[in-house]
Structure formats: C-alpha cells, structure tokens
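After this come two complexes, each holding subunit A, first together with subunit B and then together with subunit C.
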Partner chain A sequence: MFDTVLWISVTFLSLAMIGLIYRVIKGPTVADRVVALDAIGISLVSVVALVSILLDTNAFLDIILLIGILAFIGTVAFSKFLEKGVIMEYDRNGDR
Partner chain B sequence: MKTNDVILQTVTKVTLFIIILFSIHLFFAGHYYPGGGFIGGLMTSGAIVLLLLAFDIKTVKSILPIDYIKLTAIGLLFAIGTGAGALLFDMPFLTHAYTYVNMPLLGKTSLHTAVLFDTGVYLVVIGVTMTIIQTIGESE
Partner chain C sequence: MTDLEIAKFFAGIFILLGAFLSLVTAFGLIRLPDVYTRNHAASKSATLGVMFVLLGTFIYFYFVENHFNSRLLLGIAFILLTSPVAGHLIGRAAYNSGVKPTDLTVQDDLATAKKTLAAMDQQK
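Up next is the complex of A and B:
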C-alpha cells in the first residue's frame, strides 16, 4: 500500500521532470534553461529521497545534500557567466 | 563597472561553513558509511569554488594563502609515508594497522592508519582540482 503511494509520487515527479526537460529544449532564452535545469536538480533530490525510502536504506541521504549543493554552485556559476561574461575575475575592484 | 553582489556574498558566507562541515563529515564517515577522501576533497574544493564565484581570485588568495601544487605534493607524501611506515615494522608495503583507544571525549574510538592514507587522497584531490580551476580562471 505504502509502496504504491511512493511509486505514484515517483511517477508524478517524472512527469514534472519531463515538463522541465521540455522547457530546457524549447526555452527561448538561456535563463529559462538555467532555471529549468535547477528545478530538474531539485526534482532529482525528491526522486532520490523516494527511492531511498522504497529501497529501505539510508545510504543515499548524503546524495540529497550533495545534489542540492552542486545545483546551487552550478546555477550561481551559470548566472554569473550570463551577467558578467566571466565566471571568475582576478580582481573585481581593479580596472580589468 | 562596479557591481553589487551583496546577496550572493552574504549567502556564500553562511553556506561555506555548511559545505565545509559536510565535506569533513563525508571524509571521516568514509570508513563505515558512504564517503571518503575523494568526495570529501571534491566538496571542500566546491566550497572554495563558491568563494571564488562570490569574490575574486585575489581576495581568495589573501583569505587562503595556500600553494595548491605544494598541497598536492604533501598529500602524495602522506600516502607514500603511510605505505612506507609498514616497512619499518617488517610488514609488506601498504600494510595498515589499527587499534581501539579510549579517548577522553569521544569514548571507544578506532584509530586506523588508513585515515592517514585517506588524508593524502583528500589533499591531492583538493590540490589538483583547485590548480586546474585557478589556472583556467587566471588565463586571459
């Protein structure tokens, strides 16, 4: 019974991710794609959590925090690239 | 043009400690749970990359005055030293030893020389990753 509820949740999350993948492919601007990829990462966190309940293990709980941190760093890096054209500048107060 | 990154810099200052604590947890949990030197080193360098994104390379160099190539060399020295230490006790290369010690605060703790080897892996991963990223970031 409980497994059925979990499988239904995984199905709906997969449908949500398909919608987000549609936005990644179709998205008119790059910003749409970046936001959609960030949301795919967060949906992946939910899928990992549900699958770790289904498999009855807590070995994947580190993965959840890991995906969250990586999605954050990746989104910040991409938005900085869109905003300034460089990801890391040598001296932000200098004239370069 | 001077830009204003107050939100990014404040969030970075708070998040950095969470990421570094998580990487240290992954490093020390490696013997009994998923984790270890490799993923711990990658998460630590991820924290430094977040610092590089929010600030600039010059500021991060003044915060963390580390020569990452030397860090790689120290890590390799740790790994080889752990392996060669077994030769002193008439054992084959890379033989590890462990013992249980009653620490004053931690209780019964297992001390294993594989932790020293893992420290080598941790330092090498941080050194190599940061050398690659900083070398690419500095090039004009």
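Up next is the complex of A and C:
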C-alpha cells in the first residue's frame, strides 16, 4: 500500500516536471524560463527524497540539501544577470 | 493498527499531498497568463509541496527506520527560507527588465510610484 502511494507520487512529480519542461521550452520571456527551472530544481528535491525511500537508503539525503542550495544560488545569479547585466559587480574602489 | 502502520499512513498522506501540490504548480505554470502569476504559482505551491514531501520522508525514516535525519529538517527550513526569496528576486528582475504584465491587470502600483519619483527628481 505504502509502495503504491510512493509510485503514484513519483508519477505525479514526473508529470509536473514534464509540464515545467514545456514552460521552459515555450516560455515567452527569460524570466518564465528561470521560474520554471527553479521549480524543476525544487521538484527534483522531492524526487530524490522519494527515491531514497524506495531504495531504502539514507545515503541520498545529503543531495536534497545540495540541490536546494544550488537551485537558490542559480536563481539568484540569473536574476542579478537579468536585472543588472552582471552577476559579480566590480567595485574595488567603492566610489559608487 | 500498529505504530508502524500509523507512521506509514501519515508519511504516505504527507507525500501524496506534496506530490499533488507539485502537480498543481505545473498546471499553474502552464495555464496562467504572465510571468508574475506564474511566479506566484511556482514560489508558493512548489515550496509547500516539497516541504510536505520532505516532512513525509522524515516521518518515514524516523518512525520506520529509527533514523533521525537532521538534514531533512535542515532542508525543510532552508527551502522555506530561500524559495520565496528566489521568487521575489526573479519577479523584481522581470519587472525591471521590462516584462509587461498581462492585459487583465487593472492596477500597477510600482509603475505609478516610479512615475511620481521621476517627477520629483525633475522638480529638484
């Protein structure tokens, strides 16, 4: 019974990721694609959690935190690039 | 029902609810008309969905495997903190890079605020 619930959830998440990939491909603006990629990263976290239950191991649970951090950093970098054109600003002199 | 079955029941409920919320996110991203509404769908329901799935996983590992995994709790806290911030940043970047909201929008307070600021700058 519990296994059935897990497989149904994996199916839901796979369908969700297919829909998000559709938005990444079609999305009219860059911001749409970034939003969809962030949501894909977040969905990947739950897929890893479900796979670690299905495989009955706790070795993959570090990956959850890792994917969360990487998705956040990637989105922040993309939005800074969209807004300012640079990701790291060069202001060593600090005269701005 | 034994304790094990009750734990599995609650873990299954949480995981199924989280997966359903992720599906709702995908439908929101497909069907909503512009970036801001899609961002609204993505940053809220995806966050809640993944938090539910991680909570179900934590319950499973704690009660069934007798393994207290603090990284799952840390992941829940981290996603709760960072995912709305990422949504805010990308929404602001979209507005400042000139993405227009949908035609159904009736109120744009940020545009009027920017206009009055520009007018005040001109008066100086």
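In this section, the second predicted complex is superposed on the first by the 91 of 96 C-alpha atoms of A that agree within 3 Å, B and C clash if a C-alpha of one lies under 4 Å from a C-alpha of the other, contacts with A are read in each partner's own complex, and residues count from 1 in each chain.
The working rule: contacts are C-beta pairs under 8 Å (C-beta built on N, C-alpha and C of every residue); 3 or more make two chains touch, one makes a residue touch a chain.
Owing to the predicted nature of the structure, the values given are computational and were not obtained by experimental measurement.
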Next item on the list: Could you figure out whether subunit B or subunit C reaches more residues of subunit A?
Entry: C
Next item on the list: Pick one for A:Arg92: touches subunit B only (first), subunit C only (second), both, or neither.
Entry: first
Check: Where does A:Leu50 make contact in the superposed view: on subunit B (first), on subunit C (second), on both, or on neither?
Finding: second
Notebook entry, point to check: Touching A:Ala59, do we find subunit B (first), subunit C (second), both, or neither?
Noted result: first
Check: A:Leu70 contacts which: subunit B (first), subunit C (second), both, neither?
Finding: first
Check: In the superposed view, which residues of subunit A touch subunit B and also subunit C?
Finding: 62, 65, 69, 72, 76, 80, 83
Checklist line | subunit B-facing residues of subunit A, complex | finding: 59, 62, 65-66, 69-70, 72-73, 76-77, 80, 83-84, 87-94
Checklist line | Residue numbers on subunit C that touch subunit A, as the complex places them | finding: 8, 11-12, 15-16, 18-20, 22-23, 25-27, 29-30, 35, 38-39, 42-43, 46-47, 49-50, 53-54, 57, 60-61, 65, 67, 69, 71-72, 74-75, 78-79, 82-83, 85-87, 89-94, 96-97, 99
Notebook entry, point to check: In their shared complex, at which residues does subunit B touch subunit A?
Noted result: 2-3, 8, 15, 19, 22, 26, 33-35, 39, 43, 46, 49-50, 52-59, 133, 137-138
Item checked: subunit A to subunit C touching residues, read off their complex -> 1-2, 5-6, 8-10, 12-13, 15-20, 22-23, 29-32, 34-36, 38-39, 42-43, 45-46, 49-50, 52-53, 56, 58, 61-62, 64-65, 68-69, 71-72, 75-76, 78-80, 82-83
